[in-house]
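All remarks here apply to the structure that follows.
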């Protein structure tokens, strides 16, 4: 089994083996909107979850084609669509309190998506309290960068839980870099899911879970594939070269702790972190893209 | 009244006005050690606290003269001394759990002392749990960068409280940049106090308090003056120029939100953040300076 | 005499003393355009230059009021206007080769304007050569960050001269942070001048000159006030407080090497560096703001 | 042929195919010193150069084993040894002028070795001129970060040549990240060679050459492998897995522009950049490691 965080790839792996398009208990559809393609996958039963290796819930995959080709107006269109998709998963009441958390290590470029996205998210909780006449229409947003276990001594999930117990938010949005099995997907899709996130799961480094079950409120996971692990890459390459199927585990320790990224990953993550940040702001407040630009800078 | 976070300067201001060396209920002493001068000030009564404008408790001010002159071996000596002073304020049991928090804004150089110090502090909590045979002799340290209200929507104190309620540490160490009234003190002294920290107090931006009363466990505040506010500077300059005493408040809005720092503040903060980080590690674990270098890198 | 790099302040200082609006040999005018105010000062004679303490040439000061209030569309309008002003000073032939240099120290926030602006300037020289069919309509732009003497051992002007001798550009644009005598001007105006730049002149640290005389081609200096030196601030404050005129030099060494900046300088420089970068791209190529966004990201 | 910048790997590739230890015209030896292993390879004839695919000259490969295990005192010992090796290749007269250049892109972690090393190199040229009584015993060092073609529009070699024509140094030291064919070598060896550097050669992106022939003075290339390109990795993995020899080129465009690095590359590069910087300072001046620490900070 190749390491992946993407529902889309779990579906592909099923299709590569299976006779059917989708496992029983799983439904899917694809549509075009705002210069993007959106694939929806719904895992509706335990059997479906087992077949796909993904928990029950909804998975939305956004392919922002025009944005990736840097077409004019495409950033704005993709950000608005992302905001709508996110809003559809959150279903928040007015005046809601939301905790937005960025996971990952800012010093490791492909792992920096979470913290870098946070730079574009408006923290409004203190403003709504202090200036209700000006900010009364805003939702109360708290922004948290969790850091990583090696630097903090504390799991990301543990820190988020501690803050959630204090703030009692109506929902949590967790942003993290994901692992993919295909180089061609890096920084090219956005995954949204109401099943939350298992930090580090894609990289084989399972930590505790961020989910509705764990936190007691809806948790939306928002992620982008930024990395392929080296053994997965090699297995993928061999298949592509027609050398038969090899399992990533067969390589043993070789390549462990190694990751494959595009040379221009830094710039790609900057662009997509901005897209995610805008999408989050647009989902949480009644703002236009121009408003967000004026507020976030 | 000039804005200052330094007990040393509160003492100076008293002496400038008062007939006596120290207010009643306050005792002080100065000694030399390890190429440094250490001034101890003990505020022992409510009257003393009011006279000095500082809460009851112990204030240690370290002047690391040799380190500032970059003499050979002076970094090591100052770090060891800082570790001892910190240890004397903490009085921790073996196996203690400690939360170390860095306050301030990494993007504003003179406010970046807290987060930059955290880079040098060993997070050990997860290691002690996972590898007790190797790390059993270490204290359990969690490292937290609090960010700032404007970016997070959450007071530093609130975040620290949330984490402390979850982790139940035996003590908290909070590191923050301080305001001074004298340019000549910037990055030249280290203040340690068992009275904790009121984030932003020196800059006139009072937020909620980090203290034993607030957190239920001992809180040591560790800080370095990195900034003089513009009105305080001007008042100080006028006095120096013999133009009589002027109060910083008299300048009204002029200079508000302005800060004065040395041109080379970035390099100075790098050096002193490393000193604080080493001091913290040496206070919390039975390590040599060379051990810390090997572990922190 | 107070330290300033701004022609506008040289003009003010004249007016504070003198009976006339402007010295003989100096003409000026002010106009509104694109949500900005533009002040033009022309120093047309040696006498005028001496009276003003500024070399003969044209000085344009842009006050981007709407941009500073973050009004919608104001960034685009100000960038286009800046591009036009810059183009008027450069008067470049088609196919011209331009060297754009960012001066200053990236590690010192208020001195980082030059290098940060460079991040937004398109380097096209290699593209025009390699892909003439695609980039033939572009001017050939080389982008250089000069670093600072203390880190490189080489004056900025010396490095620029070395590169100019090799590349033989048709013009040089040099971007640098400037010193002002008023806190209220920091990051609020843009100065353009065909007299070039004397790096570090505002801060009292005169190095060699970047001018048409020195380089043999037109040199446009582009700068923004980011800093007030501490003694200048104090002199300014005293005047404001009605304590009579004091000269910055009277403070002697006190405050030397100190600078005064707004607390939020980091964010302000990010915004204005982007404005300068866009202005430069729009001056040098026939592009729209949206084109620049697509190319620079 | 696999992409590699390492003479050591060129030697390995020869040995994998050839019957002899080394090609004719190439001599080699290995020795232990200061907790390190040093492999010397001398390419003494044109035939040797062709057989090995490396220009005639001396190649020293340093394996700083104890430093990599972070043993106490190992940094100091390795830095001193590196200084001696560098000195042996440079053979500089007293009072010599040296240009030290860091190549690569600071924003791409594995390509940031050059610029990061420069932070640790003392620029002394301006000090020797300004304060000959204090700095008279120092060599005159200029430090240059070249940036990369995509950002500057100018080849690194072209910029270095422009500066060298101006400064007329007695020697050039060029620091760059190298490509390796083995994951296990990343950040684990230092290569020094008097044949200079062809920037980007390892990554398949050949630019113009930095050599004695091109610059007219001795050019020492100093580099560390920081990256394996994805196709080379896959070819290497297949061999390891016993699937026969495959050429990296066979993968075509798959993996192009992709690079493989360890997850903790950022920290590894920090450590080794400091080692290189210290080695350069120790080679160029008569200083102790403690002196360098005091001067560089």
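Going in written order, the chains are labelled A, B, C and D, and every chain counts its residues from 1.
Here, a residue touches a chain if its C-beta (ideal position, glycine included) is under 8 Å from a C-beta of that chain, and two chains touch if they have at least 3 such contacts.
Quantities reported herein were computed from a predicted structural model and do not represent experimental measurements.
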item	value
Given chain B and chain C, the chains that contact each of them	A, D
B-D or A-D - the one linked by more C-beta pairs in contact	A-D
Inter-chain centre distance, chain B versus chain D - centres from mean C-alpha coordinates, in Å	42
Averaged-CA centre spacing for the pair chain D and chain C, given as whole angstrom	38
Junction residues of chain D, two or more chains touched	267
Residues on chain A engaged by chain C in the complex (per definition of touch)	70-73, 267, 270-271, 290, 294, 297
Residues of chain B defined as touching chain C within the complex	107-109, 111, 183, 203, 230-231, 233-234, 237-238, 240-241, 243, 246, 250-251, 254-255, 257-267
For the chain D and chain C complex, residues of the former touching the latter	118, 123-127, 140-145, 147, 149-155, 158-159, 161-163, 165-167
